[in-house]
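Below is one structure; the comments refer to it alone.
In order of appearance the chains are A, B, C, D and E, and numbering begins at 1 in each one.
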Amino acid sequence: MKDLFSLGKAAGSKAGLPPGSIVYVGREREGTPRLSLIQYDGGGAEEHVLDSVDECRDRLANDKVNWLNIDGIHDVSVIKSVGEQFNLHPLLLEDVANSHQRAKTESYSNTVFTVTKMLRLGNDNEQIIAEQVSFILCGNLLITFQEQSGDVFGVIRDRITTGKGRVRNADAGYLFYSLLDAIVDSYFLILEFLGDRLAVLEDAVTTDPQPDALAHLHRLKHEVVYLRRCVWPMRDVVNSIMRDTGGTISDSTQIFLRDLYGHIIQIMDSIESCRDILSGLTDLYLSMISNRMNEVMKVLTIIATIFIPLTFLAGIYGMNFEMMPELHWPWAYPATLGVMAVIAGGMLVYFRRKRWL
Amino acid sequence: MKDLFSLGKAAGSKAGLPPGSIVYVGREREGTPRLSLIQYDGGGAEEHVLDSVDECRDRLANDKVNWLNIDGIHDVSVIKSVGEQFNLHPLLLEDVANSHQRAKTESYSNTVFTVTKMLRLGNDNEQIIAEQVSFILCGNLLITFQEQSGDVFGVIRDRITTGKGRVRNADAGYLFYSLLDAIVDSYFLILEFLGDRLAVLEDAVTTDPQPDALAHLHRLKHEVVYLRRCVWPMRDVVNSIMRDTGGTISDSTQIFLRDLYGHIIQIMDSIESCRDILSGLTDLYLSMISNRMNEVMKVLTIIATIFIPLTFLAGIYGMNFEMMPELHWPWAYPATLGVMAVIAGGMLVYFRRKRWL
Amino acid sequence: MKDLFSLGKAAGSKAGLPPGSIVYVGREREGTPRLSLIQYDGGGAEEHVLDSVDECRDRLANDKVNWLNIDGIHDVSVIKSVGEQFNLHPLLLEDVANSHQRAKTESYSNTVFTVTKMLRLGNDNEQIIAEQVSFILCGNLLITFQEQSGDVFGVIRDRITTGKGRVRNADAGYLFYSLLDAIVDSYFLILEFLGDRLAVLEDAVTTDPQPDALAHLHRLKHEVVYLRRCVWPMRDVVNSIMRDTGGTISDSTQIFLRDLYGHIIQIMDSIESCRDILSGLTDLYLSMISNRMNEVMKVLTIIATIFIPLTFLAGIYGMNFEMMPELHWPWAYPATLGVMAVIAGGMLVYFRRKRWL
Amino acid sequence: MKDLFSLGKAAGSKAGLPPGSIVYVGREREGTPRLSLIQYDGGGAEEHVLDSVDECRDRLANDKVNWLNIDGIHDVSVIKSVGEQFNLHPLLLEDVANSHQRAKTESYSNTVFTVTKMLRLGNDNEQIIAEQVSFILCGNLLITFQEQSGDVFGVIRDRITTGKGRVRNADAGYLFYSLLDAIVDSYFLILEFLGDRLAVLEDAVTTDPQPDALAHLHRLKHEVVYLRRCVWPMRDVVNSIMRDTGGTISDSTQIFLRDLYGHIIQIMDSIESCRDILSGLTDLYLSMISNRMNEVMKVLTIIATIFIPLTFLAGIYGMNFEMMPELHWPWAYPATLGVMAVIAGGMLVYFRRKRWL
Amino acid sequence: MKDLFSLGKAAGSKAGLPPGSIVYVGREREGTPRLSLIQYDGGGAEEHVLDSVDECRDRLANDKVNWLNIDGIHDVSVIKSVGEQFNLHPLLLEDVANSHQRAKTESYSNTVFTVTKMLRLGNDNEQIIAEQVSFILCGNLLITFQEQSGDVFGVIRDRITTGKGRVRNADAGYLFYSLLDAIVDSYFLILEFLGDRLAVLEDAVTTDPQPDALAHLHRLKHEVVYLRRCVWPMRDVVNSIMRDTGGTISDSTQIFLRDLYGHIIQIMDSIESCRDILSGLTDLYLSMISNRMNEVMKVLTIIATIFIPLTFLAGIYGMNFEMMPELHWPWAYPATLGVMAVIAGGMLVYFRRKRWL
């Protein structure tokens, strides 16, 4: 929930600063950002942990793909020095530091800048952790910024290290695509997670609706809305990359981006179905509750309408009038009981006719 | 229900693999895929059951239409060898193996690749069976992949064998169209199946709404949503085939594709109407239930409001006070009964005025 | 209702046939189709009832407008012979025979083919009768297919016979427009019919909502949805005719088509308003019911809460304990009655404060 | 309400007539149409009341702006003679006479034809009066048709007479704009009128919802829907005038039309907000009612659940068994009363825990 | 609420005036408008408080950026004299004075005119204050009109004075952007304010729904609708400025405008999510209420159905018939109590089976 409105908060806390101010707006974090540089070509790959951005500059290899990954954007000085070293536009750096961006792609002369949301399940498998990942693609250098250590890029690193797959023989654009693909894959995992919970809820509502079901539905809807907000702009992102970037992305990578675009459409499709089912489920739940209340009311009505007249009859003969001739008739008591049985029986027949029984 | 979110599941289980990895993600199946090659021209048609993809390569006839059908995509090695023999893009093969694709068409140089969902009713006529069918059209060769044996193409095979209809005198593009047409026809059958169930439900809700009606409505809605998800992208598929493929589809086949496009629009139209009716039916059902509860409440209220005051009156004269002069009046008992009758009558008049009776 | 899903049914019963198969899918009908040929020019008009399609071919006059009308498409042989005589595409003939088409326009070389739905009120003025009318415009020949005899074209025939209006001096394209205009006029009549019923329902719901109102609303909604499905594609139909057909439609007729287009927009507009009102009416109805239940509950609550405590009090002094000193006090009975009156009065004041009375 | 479906009615009553038939379809009116001709240029302005359309023809001044206003379209002969005098297309005249048109603009060679709805409040300030106004702009002649006398153009006439504002120095196109502007201003007044009523309803629903509130909401919704139907097409109207008319509208007037367009967008905006608020208000109302019923139910439940067990207890000791030892214990009566008090107290504590009190 | 329909009111009170009439339509205000002129270039900045518009004209410096800010548009003479001094179009001045404009941008030859809404929180932090700000950008002169003193531009003034940020070295176009940016930042603050209140409401509804929650939801919805109406047109505004204005906005500022555009999209996104959550919350609230009523009903039903039959039984043996043999059996009383216990126990078992307990 907090995440949902954090957009407003982030920007709010920055209001009043000049555009291009690089200010970190996320949760408070400690520790130094971790810089790592992976360099590879068809021949091999090596990873360096760096002390400073300057060191990266020195190590850059023009004939290799250079992937500079920075975990931690709370230390704004690192972002600033990246900006200086690679001559980046201040607005771009501002967007990197502002961890509440909507996913988007922008091109600054020869640089492609992309912001995305990476989603993961927390360790308890119960919570969705969102993290902003920014990409700066500039020739054969790809810079990625993450909010904290831990990501969904492990498989890509493995492929680079072991030389499996296409990535080690391809350019930085393909690396960029691979990372985007890993992020979109993470959406599939979240979608599966939400889909499972939806299926559980659906079973629960259909068989035995509990009062807390609606709160669960509400929370699930919240999360689907959040996922939707992450995925929706990705369509434009991939679309822009495919259309706008001229020579940055090679033609062979374009086919992969087209495939990625298809995946995003597929996720959006599933999300819309989720929303449909969720709203149908809410209706179903309310109707189940209403059905139950109906049943409760019926029981009450049947019991009350049968016994209230009988009790009245018993009350009549419980009156203490002196002159009540029936009281003295010997068969009055069994006759009264008989009348009561007839009334009760009549009621039951009536209810059966009304199909309440 | 499971099918609905299987998109997420499929992709989820593949997360972490490099793009282009050919992995089967559907239900586990056993047995060897069945390969059959149908070759025909105006003069005649013959069908071969093949042992391997290599055999197909050898048998290909340039002057005939070649239709290679493969039942079973769980054996990834077959897909791979098809890819090698016919030099297909890895992403294309990945999509063939991933049985949770959204319908789509893509063109790779001289190859048209199309993924669709084929729907059938199960043997019990109660369940919808969805199966992914992939088409690869490349010159006079059409390759189709199905998940399992059993399909809706029997009529096409008959026409090829017997030489009825236009298909045997036409090219592979027309065969491709014919198979797509058979798939779209299968949607009509499913739509009819759902429409029949909707009509039954509509009758049931209008005449005598049962508590389980809403669960039925919910399930039906589920299936309509699923059908919609299958049909919706078909529009783009046929549209793309009509626009994009240059020389692959001949002009005379274009008219048939236009007709097919019209059919898809018609199905989408009917599905939207179904959804309208379904949502109206849900409202109707809830209102019928509410009407009933209203009626139940009225009976309770009438009985209770008539007898509660009377019972109170009887209670009064059931008190044991020594000094209750009424008890000794000789006409007190009949008078009390009379007063009770007047009260009850007044109530009845009041209720009739209120139109509760 | 049946009509609504008949699209699915029609196509379903044709599934398995090759494209271009001419199969009638509507209700079973008997009798021979009736063929009539009207020929006219500025000088005069004459009508012939024909025995066969061949006869038509012979009678065609190049310097006149020829209107061949065929009532009855259940005899497929007639459609086939029309196809042969005038050299029409098989898909076109298939669409003529399939009486469950969505309205559409297609152009085949020099032929314009249009399918529409003609709506009429039944003899009882209670039911809407839908009939498919197909138009084939080819030079100065217009062929129309209807499902049965009886149509909304009487006025056009009169104008041709009597020479009133513009039609006799115009070409076949104007005749085509005139018939389309008559069909669109029939939608206005149906709209008026539905609007009247809606107004009646609105009055009924606002003044005295009956339990069956919602079923009426549901049926009306059904019919509005059906009308909408007929009208919606007409927009594209007229639009296509205006744009696509090159020389078939003369410029002076274009202005009339533009006017017709305006009428269709107007109907669509009114239908949308109808839907708005209908859905508002459903809400209103449900709220009226809910208001009533509220009132019922209030009466029950008032009666019960007043008398239940009093009855309890009476019950207290109906107990048979030996040691109940109150029973022997001489003023106990009137005092008890007084206490009861005070309680009842207090309750009434409370209820008035709560604004329940 | 009647107005809402009058579109259908109007066209319905014309069904069967040839296109271009000039038939008045509105309410029956009597009296002769009033023709007035205002002629002005920068130098001065004069108004003539005319006897016939012929007289207008004679009086036309080429060097002045001529505004012919006709109040009353029920006398079709006047429309016809206007058509003859100024050589207008029959379809145009048909639209003038049919008072149930949707707002639209059409251009016939050098003539711009526009239909709009003018809205006014009735004398009782309670009802909205809609009237169709048609404009025919042709060079320096502007013809306007109104259904009856009384309009919102008084201010324009004043400006022409007194020479205030820009209008007297501008061309007929500017006069046309000024009249459209007056009509759009009338929508603002109606919007204000509806907004005021909405505010009143909102207060009423929030503080003390009455049963009739929903009917009021429904009526208001009706009127908002009607206003929307009037305003919506005006956007296209102004847009078409700005784009289509070539030299008819001068460049300096274009800026004013752009401003007018902005006003229409603003009204549409406000109408959408109105609809939002209205639908929210309906929900609020239903919930207030539901809250109330909840409160009623609580009171009933509290009273009933407290007294029913106590009454049962009193009933126990009201039984007439011979062998009830408790009846003879001296402290039995006060003890029973004490137990009753404990039960009642316990119930009250329970209800407070449940937060029902 | 008042603000919402003020659009209508404003225009309504102007109806009847010629276009271009400069009339103030907002709340009545007193006092003289305050005119201040800020002039700056890279070298320094100075601010003058002016007595009249004429003084501004004299002071204009061609080699500096001139920012003329006017607080107070209720004194129309000031607006008029600005119009005369700088030769502005009357429609533009009319829009400045009409404080109920929708945000829009228009270009008049070399002048860019923009209207926006500036939102602030009132001093009590409870109310949203909306104020219209108009911008006229013309070369190196930027004129801003505000309704009253107090704005969100303080930070911009500080940056100009102190020379911080980019603004002092940039042109008037960048100043224009900076002010727009400050206004959009103010929307973020309002969004945060609304988001906080939504979160509070969400907690309240989920844990303990109070009857007034819906009214709060309704008010919040009102404000979200209002914010939406302010933000929505801003998208077009920024878009128009980016596209239309030719040389007025320099290329380097374009990048900043693109960033601003992204912010607006982000706000719109958040607003849509807000609306989603709000509507979900309304459903949740209604369901919580319904759940509660259900619980209340259950308690009532359980108590009533248990005790009503028992009370009836007690009533039976409270009858005064002479011939009731049971009354004389010694074990009748305990047996009756036992039967009652069995009935009550059976009921409890039944309710537990029904899962009501």
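The rule is short, and it goes like this: a residue touches a chain if its C-beta (ideal position, glycine included) is under 8 Å from a C-beta of that chain, and two chains touch if they have at least 3 such contacts.
Since the structure is predicted, the reported quantities are computational estimates derived from the model, not experimental observations.
**Q** Going by the touch criterion stated earlier, list every chain that contacts chain A and also contacts chain C.
**A** Correct list: B.
**Q** Which rotation angle, from 0 to 180°, best lines up the CA atoms of chain C with chain E, given as a multiple of 5?
**A** Between chain C and chain E the superposing rotation measures out at 145 degrees.
**Q** From the mean C-alpha coordinate of chain D to that of chain E, what's the distance rounded to whole Å?
**A** Measuring from centre to centre gives 26 Å for this pair.
**Q** Rounded to a whole Å, what is the gap between the Cα centroids of chain B and chain D?
**A** The separation of the two C-alpha centroids amounts to 42 Å.
**Q** Could you pull out the residues of chain E that touch at least 2 other chains?
**A** Each of 290, 293, 295, 297, 300, 304, 308, 311, 315, 318-320, 324 in chain E touches at least two other chains.
**Q** How is the touch graph of the chains shaped: line, ring, star, complete or other?
**A** Basically the chains close up into a ring.
**Q** Per the contact definition, I'd like the list of chain D residues that touch chain E in the complex.
**A** It is residues 152, 154-155, 159, 164-167, 177-178, 181-182, 185-186, 188-189, 191-192, 195-196, 198-199, 202, 206, 255-256, 258-259, 262-263, 265-267, 269-270, 273-274, 276-277, 280-281, 283-284, 287-288, 290-291, 293-294, 297-298, 300-301, 304-305, 308-309, 311-312, 315-316, 318-324, 354-356 of chain D that touch chain E.
**Q** Could you pull out which chain E residues touch chain D in their complex?
**A** Within the complex, chain E contacts chain D at residues 1-2, 4-5, 7-9, 11-12, 14-21, 89, 91, 95, 101-102, 104, 106, 108, 208, 211, 214-215, 218, 221-222, 225, 229, 282, 285-286, 289-290, 292-293, 295-297, 299-300, 303-304, 307-308, 310-311, 314-315, 317-320, 324, 326-333, 336-337.
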